[in-house]
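Shared chain: chain A. Partners: chain B in the first complex, chain C in the second.
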Partner chain A sequence: MTESETPSRGQALLEVEDLSTHFTIDAGRLRAVDQVSFSLKPGQTMGIVGESGSGKTVLSRTIMRLNLGSNVQTSGSVRFLDKELLDLPMDEMTKIWGQDMAMVFQDPMTSLNPVVKVGRQVSEHVRKHLGASKTESKDLAVELLRSVRIPEAKTAVDRYPHELSGGMRQRISIAIALACGPKLLFADEPTTALDVTVQHQILNLLGIQQQERSMAMVLVTHDLGVVAGRTDEILVMYAGKIVEKAKTAELFKSTEHPYTEALLRSIPKTDQPSHTRLAAIAGRPPTLIGLTEGCSFSPRCPYAQERCFEEAPPLEETTPGHYTACWHRVGTPENQEAWDKNLAAGRLSTLAVEQGQIVDEVPLSVGPSDK
Partner chain B sequence: MFGKVLAAKTVRLIATLFAVSLLTFLLVEQLPGDPILAILPPGGLDDLENIERIRKELRLDDPVFTRYFRWVGNALQGDLGKSYITDQPVADAIKDRIPVTMELALLATLIAALLAIPIGALSAYREGGYFDRAMSAFTTAALSIPGFLAGIFFIWLFTLKFNWLPSTGWNRISDKGLFANLQTAILPAASLALAPLAINARLIRADMIGTLKEDYILSAKAKGLRDRYILMRHALRPSSLTAITVFALQLGGLIGGTVVIETVFALPGLGTRLISGIYQRDVMMIQGITLFIATVYVVVNALVDLLYAILDPRIRRQ
Partner chain C sequence: MAGSGKAHLRNPEDVLIRAEDLVVEFPLSKGRVVNALSGISLDVKKGETLGLVGESGCGKSTTAKSLIQLPPPTSGTVCFAGDDLTDLVGEDLRQARTDLQMIFQDPISSLNPRRKIGDVVAEPLRVWGPREATEQTELVNSMLEAVGIDPQISRDKRPHEFSGGQCQRISIARALVLGPQVIICDEPVSALDVSVQAQILNMLEDLKADYGLTLVFIAHDLAVVKNVSDRVAVMYLGKMCEVSEPNSLYVTPAHPYTKLLLSSSPVPDPEADIDVTMVEEGDVPSPIDPPSGCRFRTRCEYASERCAKEEPIMRQVSEDHFVACHHPLVSVPDPAEVSA
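Up next is the complex of A and B:
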């Protein structure tokens, strides 16, 4: 918590470069995160979006260096507050955890200890990090519960997690994460386990706290709707890679990657008549095991051409600040051409988009024009 | 809510104790032979008149259930009857002998707990590591060696080889002080502790491995808490429910189960008194001591249930 460590505004708080996380499993090498680079300035919010299994959770845990197991290889660089985290000894990481970098977990039903009182869980690490006394930390616990809008905070500190609702528990998790005033907060699907009305409250709470504390935040979610109004920049991940990266408004205004487009299409819209079929993305996410030639989204992509199956597109800056990894970006003439060609050839995943059908199994081995 | 649970448990406890006392009484009743024969002076077998007189005196001519209810009624008032042979009240015999057995049982449980918790926790923390594998070998050995054999080994090692500790006998705290007392207590207690230690180290290890995979352990780590603190403060309590149950059952069992070890180390405990009672066909002594041991066991078990509620707040609700 020394002042000298606080970077000035404009300089990056977190800089991730070429970060890869590979797991060695029986079936081979699983590339959960593959050459990811991004940076985050103090007070900024970054959204990381992708389906289950796209590597977004592993990415945030790799950056925090949290429990990835012994079969993991990490390469690249993570610079945080001018320290290279990947080289830091574990007891140095322990000092950073909670104090400079914190995480809100997905499921508040399992992320709180069932046999420890809420007040203690909220304040124990503050006692450790900042050396608060027992009475101080009790007052602090009440204070923290109030700051996350928990009613009757004075009695709530003496409760156990099972006595509270899911929304209340997630507020507690947030209070835990915020307790030491971290400079960077990872929120890993913080609302996925909650119902919709509570989701909204929790996201607003995170937003308010972030502004009050001018804390940077990484919001990990599978739901583009969640990150839409709440982030400065969005990373879209697919199969462990970044496929598109742009300022939030830019990403929604001029979507370039077919996967991002598909994610947007799959958000149900309220102006559609009821019983409209949900627009799902054809096929399933790839297994991430072994080397894949070509673009990993190509088997499910309605625009995929010969080249997409042979050569992986690099992540390129298309307009200032907008990066996309695609040979036939949405909105370009090449894209239209690819669409027409695939439609004429009767490619399954193209037809599925055209007709709003759900196609579960897309043969992976078949070329651009499915036969 | 809690009071209702407590009341239900108490009723069940009383019913169990009733059944225990009845079974004890009937089993001893079923022993072949006449208890009076053991009391008679040498050559008294022919004096039938004398036998009948004793029978009347001890009121052994009453029907079985009359005698049972008289026995239970007196037992409820703390009177377990008198030995037919020595005339010593059974309650006095128990009072005289129980400190030795109780101390052995508690000391053994303490040794087992103090070692099982760190062994189990560390084995789980470094699952599959050197320590874990070494401890796995140790617990296997400890479980497969009977306590009396370990006791004999301890005597060989600490008395015959090094001459550090006495092999038999008992120093009372009141006579010779705590240190001298522990000198005589430590070897039998260690022999008794071996099996519970091994079982509980394994239980704690297994539960702890499960607990360490829980999300709340990861979130405790993400708060920047040290591993040792997480192990002791966050992981141990949820991992100790099984072990606590088994500990308590073992403690209850140890109070009745020190018979063999008391014999090996020639200690004046409840177990050796029970054995001599059996040799002498001292019916009242056998009944009284058995009932006492069974009662302790049942009560300890009932207390375990309450302990659960303290350890896991979620149980208080149900």
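Up next is the complex of A and C:
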């Protein structure tokens, strides 16, 4: 499933192969990210989508090596600009952070230092990495604030974060991330804490800056609406694994994984009439502790059959560039058959979709209820 | 009063809640005030869901809170079932509030972490409900069942043992246990994942039908508001911009602000036409010193001199569609219909 052996290897900016991040906790081994592989070309935008706890944030932090802690085990490979990041000593990593790879965090309220003026926070990287002088860096800070459309940038550099609104603070975070012209930007839920109008502008700003700098971007979000018009390719994650990977248009047009389908169906849309019943997903995400047999979505899946509980489906290329890990892909005859069979048997997870019922305890086998 | 008009209000006899000219001001030092609400009027019919949308700081939550007098508005009236709540004090107000309950945004922090959920849901009954302990227990059990939580297993658990969606359902059970007429939902789904959000929205619809509830539903997500509402009110900086039944509002928005909100909402469709170049400079103006005339004019592409001088008054554009704008995006049928 990876193309790492093909000669196009030199083209990829970031190549992630079989990356796993496990945390050892009292309850056992928590598989936050499990065997994830993907690659990203310069200038491309990748969306990573999933519910809370699906491992999307841990994945981006693992790639940037921000999971510091003694209970973390990482395996696999992350190649970035022909360097193996997982083997790099930390002082080498600090040269990559900010300069080649940067991150915009979710919460603009807490990711900025409250007692340092924003101008200094913006120019900190530049002074460290490029050795700019104080006056140079101040001019650069003003320039950067202008580029993220902060009004009156000259006076804004002397403000503290609490003097700015949430949207303005997120613009500052973007300016910090862009300061040294990174080649790859991770945006981890950059707009979740913001209003829709501000969200729209922040996403536009990221898009514009990305084009101007031909920078690659990984956009991590739980909102399929955010990634729809703004990414080239999307990874859908569930329980630490990639369950579907495809070009954006393809993913929305011919959704193959039941989880992706379920996410899409549960979002209310403005073109539906009021009081449209939404399809719910039964149960809740698994705990990720210990080994699971079979597909991790199977207890919640409306199409699950016996095989799904016994054998985990591999991530397979179904059409060129479209990878899905499922035994009964949406749109196939097997899928329809599984649906009819489950509906007739009264499987709770199937009824949850059909009637929008709330189902907390999902069956751990194919039967209608098995508790 | 700098009101935005009341053309959108319906016959007082047909409605359950009617709030007129609500003004909420929070004092600052040196005589300055935060103009949180400046003349909001709204009404809700029995069995109807009113959706309130707008950006943060527009006064959605303040409106909801002033309906239940928490705190009472600086001026204005709130008529509920024949009483003016702003006139009530002490015991009368406490009694009236039992009919108006609230669900909050953050499901986890709105439940006391040290208490068992059986006690959390029983709390309103201990104050107002039947004295018999068995009767209370029965009511709590039936309420928990109604929100899909098994009372036998769950009564003695504490909030941390539940997921966010389950906690929100427990909050809903607590709000419903006294049999209120009105539930005010203040962003009840914004902290939840989409799959859980769908469950809560479906459940609110079911409960509304089963218990004959009237809902005031606050959210910043326009698609969520459309899904649950019978009527939608769009607010901006303490003023009402547009009030309409949802279909007309979403298909033909009349206020430029509504259009901006609609064009900003993310659509889960890669072919949707999104404007990827628009980046406004600046921010929402401060409610301490709001713009004169129309408060949206500083961000409005249609703003004219008139907008700075004269405040737009709510007028009718079609049967159940009202807008407060000098340059509405749809034609206004007959200016004679404008009522003061």
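Quick note on the criterion: the second predicted complex is superposed on the first by the 344 of 371 C-alpha atoms of A that agree within 3 Å, B and C clash if a C-alpha of one lies under 4 Å from a C-alpha of the other, contacts with A are read in each partner's own complex, and residues count from 1 in each chain.
Convention: contacts are C-beta pairs under 8 Å (C-beta built on N, C-alpha and C of every residue); 3 or more make two chains touch, one makes a residue touch a chain.
The model shown is predicted, which means the values in this text are computed figures rather than measured ones.
Chemist: Chain A superposed: clash or fit between chain B and chain C?
Modeler: These partners fit in the superposed model.
Chemist: Between chain B (first) and chain C (second), which, if any, makes contact with A:112: first, second, both or neither?
Modeler: The first partner, chain B, only.
Chemist: Check the residue A:125 against both partner chains and state whether it touches chain B (first), chain C (second), both, or neither.
Modeler: A:125 contacts chain B only, not chain C.
Chemist: Which of the two partners, first being chain B and second being chain C, lies in contact with A:57: first, second, both, or neither?
Modeler: Neither partner.
Chemist: A:205 in the overlay: touching chain B, chain C, both, or neither? Say first, second, both or neither.
Modeler: The second partner, chain C, only.
Chemist: With both complexes superposed on chain A, which partner does A:103 reach: first (chain B), second (chain C), both or neither?
Modeler: The answer is first: A:103 touches chain B but not chain C.
Chemist: Between the C-alpha centres of chain B and chain C, what angle is found at the C-alpha centre of chain A, to the nearest 10 degrees?
Modeler: 80
Chemist: In the overlay, answer first, second, both or neither for which of chain B and chain C A:160 touches.
Modeler: first
Chemist: Touch test for A:349: chain B only (first), chain C only (second), both, or neither?
Modeler: neither
Chemist: Give one of first, second, both or neither to describe whether A:94 is in contact with chain B, with chain C, with both, or with none.
Modeler: In the superposition, A:94 contacts chain B only.
Chemist: Rounded to whole Å, what minimum CA distance do you find between chain B and chain C in the overlaid structures?
Modeler: 8
Chemist: Chain A residues touched by both chain B and chain C?
Modeler: Shared contact residues on chain A: none.
Chemist: In their complex, what parts of chain B are in touch with chain A?
Modeler: Listed in rising order, the residues of chain B that touch chain A are 214-216, 218-226, 229, 233-234, 237-238, 311-314, 317.
Chemist: Please give the residue numbers of chain C that touch chain A in the complex, ascending.
Modeler: On the chain C side, the touching residues are 55-56, 148-149, 163, 165-166, 169, 193-199, 201-203, 205, 220-224, 226-230, 246-247, 250, 260-272, 274-284.
Chemist: Going by the contact rule at the top, pick out the chain A residues touching chain B in the complex.
Modeler: 64, 66-67, 94-99, 102-103, 105, 107, 110-116, 124-125, 128-129, 160, 162, 173, 176-177, 179-180
Chemist: Can you check the complex and tell me which residues of chain A touch chain C?
Modeler: 51-52, 149-151, 165-168, 195-201, 203-205, 207-208, 222-226, 228-230, 248-249, 252, 262-264, 266-281, 284, 356, 358, 360
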